[in-house]
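Input: one structure, supplied below.
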Amino acid sequence: MIIVMEKNTPQEQIEQVSEKLKDKGFQVHLSQGVERIIIGAIGERSQAIMEMFETLPGVEKIVPIVQPFKLASREFKHQTSVVRVGDNPIGDGKIQIIAGPCAVESRELFLEAAMMVKEAGATMLRGGAFKPRTSPYSFQGLEEEGLKILAEARELTGLPVVTEVMDPRIIDIVACYADVLQVGARNMQNFFLLRELGKINKPVLLKRGPSATIEEWIMAAEYIISSGNSQVIMCERGIRTFENYTRNTLDLSAVPLIKQLTHLPIIVDPSHGTGKWKLVEPMALAAIGAGCDGLMVEVHQNPSEALSDGPQSLTPENFNTMVKKIQNLKAALENGQ
Amino acid sequence: MIIVMEKNTPQEQIEQVSEKLKDKGFQVHLSQGVERIIIGAIGERSQAIMEMFETLPGVEKIVPIVQPFKLASREFKHQTSVVRVGDNPIGDGKIQIIAGPCAVESRELFLEAAMMVKEAGATMLRGGAFKPRTSPYSFQGLEEEGLKILAEARELTGLPVVTEVMDPRIIDIVACYADVLQVGARNMQNFFLLRELGKINKPVLLKRGPSATIEEWIMAAEYIISSGNSQVIMCERGIRTFENYTRNTLDLSAVPLIKQLTHLPIIVDPSHGTGKWKLVEPMALAAIGAGCDGLMVEVHQNPSEALSDGPQSLTPENFNTMVKKIQNLKAALENGQ
Amino acid sequence: MIIVMEKNTPQEQIEQVSEKLKDKGFQVHLSQGVERIIIGAIGERSQAIMEMFETLPGVEKIVPIVQPFKLASREFKHQTSVVRVGDNPIGDGKIQIIAGPCAVESRELFLEAAMMVKEAGATMLRGGAFKPRTSPYSFQGLEEEGLKILAEARELTGLPVVTEVMDPRIIDIVACYADVLQVGARNMQNFFLLRELGKINKPVLLKRGPSATIEEWIMAAEYIISSGNSQVIMCERGIRTFENYTRNTLDLSAVPLIKQLTHLPIIVDPSHGTGKWKLVEPMALAAIGAGCDGLMVEVHQNPSEALSDGPQSLTPENFNTMVKKIQNLKAALENGQ
Amino acid sequence: MIIVMEKNTPQEQIEQVSEKLKDKGFQVHLSQGVERIIIGAIGERSQAIMEMFETLPGVEKIVPIVQPFKLASREFKHQTSVVRVGDNPIGDGKIQIIAGPCAVESRELFLEAAMMVKEAGATMLRGGAFKPRTSPYSFQGLEEEGLKILAEARELTGLPVVTEVMDPRIIDIVACYADVLQVGARNMQNFFLLRELGKINKPVLLKRGPSATIEEWIMAAEYIISSGNSQVIMCERGIRTFENYTRNTLDLSAVPLIKQLTHLPIIVDPSHGTGKWKLVEPMALAAIGAGCDGLMVEVHQNPSEALSDGPQSLTPENFNTMVKKIQNLKAALENGQ
């Protein structure tokens, strides 16, 4: 890290900073600029170390040089990671399409939806069993009953299932039934949860928090990896901005950025990312253009009867049309290389 | 709620919406505008109900009329709620000052800090025992050992203590030692946690999430209250914006808004709200001007040795000076009324 | 518009609002909800009218029903508008590629760049002659000299040229030389400028302001159209968010939204939209997937010698590669329909 | 500035960067960190220079060390600047209160409002003569007629007047009538306008753009000062965030920040900063607590008949009450020091 001193700092303050740096195990390089002294500190920095120096007398600011994440970075591991979910590799250049309703509402509806999205070309199933929602007065999910339905749908279709886990106490039971455990956007910085997910041996789909920077999101992945589980799939699902026509602003630049900064696969959720079904297809095609490894899409037989997220759910017919366009676009991208 | 139909909607679509409204128990009022039909639906709306209608053919948009929160609203309870913490009433017009270091780092340091802030005028103590942080490589807190130190500090000073709980599994143990349980900004929408906090009989300090709207924040309070615990204290601590000079943008308009929309007390945290100790005093005085019920401030004997949040921590001397200015300002506000 | 009254509003306040509505030419429909009276006001509302009612006693809020824009809306004109620039139609389903350096730096450099991008497949040229920048100490452009070079490049290549105008005083001279007048992001709400651009007979490329909502952006187009010039091309170039890895967050959902809400063509600028040349190609391909009518891309022979925007400029080689991928992708999209 | 090279950069790339730095007049210091080479470049950096190096092979990022503004900075001028408007000094520790309606609507209304706010304690008058608004269909102001009314109000009350100028073509005529020329939030980066305002000899009130960082706002002041006019008054008026209860989020931390970073006076506009009259008084008192030099407040005799900004306008009675509280609070702050 670089420590920028204030203009005309007295010599003793420079020495105080230098001494403290040496105490903490850093090598120190002084450099006299036009207007101020700059101290280069060579060693392992951390957030805590940076903060310690920020308050010493004479210090104007601390500038980090190296990214705070290590295990997730492409510098650490050059080769792209492929996360295997059953027979489906995520990150190997093919597109995985995860589809299904927001919530598991009933056995009949879910099994029917599962068959429909499979026929349309989905390669994995999604469905929420635990649904704590913004309002305490909304439908909260079928809980374990829902997990059993998910497992039955997997038997029926042969497709692996993804479902959300939002509390460390339910990790074990969810891991019993699901193939991929999803961390929802609101839990991206639930560090107790992340740490526990680092101890299981199943892939984790890590959604970006609605106000998380790319760096914070990668740090959340770092939490899981550094706790022992490197099977992390990133999922962009929109960030909060001032725009109100859409529920979130889907940040597709996250796709090439995650690929440049880390070795992890990344998929895109255009359903939550827009909140409007009419925007799902164009944004799904855009995500393919941006180079993502897969999509996660909400589909419901009858969106106007869905217990949650109806407005952003595709009908099976619209989903079917979209999958064809995705496959066509992906084929063109591969031929064009 | 109001349902706005698209221009030139065919009669059958209007009837379909009307029929479905009646099925769900609403009264229906049709109104012919200049360009389109508007359907007034009278009854109890919810997020799920609104979404159901949003996808029916011919519907352009749904406009909610009533706020989604009930128990927290000033309409529901006109009188301002006062939350009692030991002998300290929060919300009765006096200013409560909660102070202490970000984290409990050691018994000696914390007890010393507790005595110092008490002498300077603090009325409650703060300190983190569980500290899961953005980086997995940072100090993670003393955990139960830290809780015991907090309890000892309460004995020593007679001041009640506030500490954070971020996992449902530790609510019981934290409630054993602390007087107020704090929900951190990143957990504001951890609905499992909120629901469990609704079942205990201790005050909950609910921090606003960095990207939460005022409405979402009130809905989080509604979760706790509707689960059985009405002792909720709101805490504004800054939202995320594009500004980089400050760690967060402290939104002081939240103070009068919470007072107008709800009956709950509200305090302000200018330490996290700015991230810079030089901004803490002016923003604390601003918060008093805005009408808050209290402040939560980070104080450390030696900010450049703090294990977390040093840059935003006041020294005991600066805290002492600030408390005098706060008391002076508060007295003027009371006399001026 | 809908006027929602406060709970338990006295009858006289309801009458006061109703009387004032009738005075302003509205028809009035009262509707008694579960908790409050709602007043439907049928007539031509405007921002000013809405504000007038917002402050009347007993009024809780005003809810607009109809969008504030008219001439730009797809409701007003169902057919997609095609804006012709020389021989190039924008909005007819083909992709227009506008390319060139950020600023016209010298005659030699610009003419060379113009030839290079033409050979690579660009269909229009871009280059800034007037460059007032964030810092008063930066290069401010060649001004009229730059315009002449633009015109010479058009002669040389046969491609039409786009350049920015940021002051009403220079509209005439810029219109003399350029084929399309660009309104920069920072001038999107410079209403004097917009009004003057409504009086000329040349296409206007209207960039979205970095903190403009979609609605405000369409209202800026409405300004130009209602002043007499309907040749407006929208250009998404990124909005300001909290993310720092990128200069702006490119909001590609603007592409399908503008197409659904208006009849205007829309292009995308992935150079300003990301600020990093390594993100330009993936985001350009994403924009094609989202359905845009064209792209605007910064290209410089030697980005590390560019007087502005070097970091986001492609080399001619990279541009060449990207254009091939764009053409390939566009062909696939057309075949797939 | 500091140039951070990528991990394992080949020696020749380091030399290329070093050579180019020397060509541009920098001294070069190489420093070998744990993982990468860091190049310290000593000399006058600018945005353009930084961008030039960002694209050289092997360069990971450029880190600026010194702030980009000079003349506006407190480092450049330690003493706080006082801007004189008639007999009113802004920045000398007293509070100036600028009040009046959003727009000059008619001679009678404005002269009456002027007398009312003077009696209540206003020290300057505000009123818009040119009002280009978001919608082309809204009231656009009385233009020169409005300026004459402003001048008449000054004669009548003895108070100086502030009004907005948004086009370089009207600077002369506005400067003829007004005592302070205001740059509106939407024109904060209208650099042609800023440059022209640098050439006049009247104070300029510079509003912060709704999505401007503190640094960009100071750079806008730098434009005016470096063009020859150092009489700049900063005005915080709220930034755009995701919050919808308020029109903008008033960022009061801007007050102490501007005072720490620059020598310029700063006032606060709680009317635009909130958009709701019920929030104006608490936020005005908060701004006083934060240490501002003045307030700018919209007052209208009959907000529900105002042609613009009615919802955020105080009645003269409410304004009167607020001024008393402001004076009381200010007196307490002065006594408490």
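All chains are identified by letter, namely A, B, C and D, in their written order; residue positions are counted from 1 within each chain.
The rule is short, and it goes like this: a contact is a pair of C-beta atoms (placed from the backbone, for glycine too) under 8 Å apart; a residue touches a chain by one contact, two chains touch by 3 or more.
Everything numeric in this text was worked out from a predicted model, so none of it was measured.
Centroid distances from chain A, each centroid being the mean of CA atoms, peak for D.
Repeated interface: A-B and one of B-C, C-D or A-C share more than half of their contact pairs by residue number, and that pair is C-D.
Averaged C-alpha coordinates put the centre of chain A at 38 Å from the centre of chain D.
Each chain gets a centre from the mean of its Cα atoms; for chain B and chain D, those two points are 30 Å apart. Chain C and chain D, compared by their mean Cα positions, are separated by 26 Å.
For chain C, residues touching at least two other chains, in rising order: 211, 240-242, 244. Listed in rising order, the residues of chain D touching chain A in the complex are 2, 4, 7, 29, 31-36, 38, 40, 42-44, 63, 65-66, 75, 240-242, 244. Partner chain C is touched in their complex by these residues of chain A: 211, 213-215, 239, 241-246, 249-253, 255-257, 260-261, 273-274, 278-279, 282-283, 285-291, 324-325, 328-329, 331-333, 335-336.
Partner chain B is touched in their complex by these residues of chain A: 20, 46-48, 51-56, 68, 132-139, 166-169, 186-187, 189-192, 195, 209-211, 216, 219, 222-223, 226-227, 240, 277, 303-311, 313.
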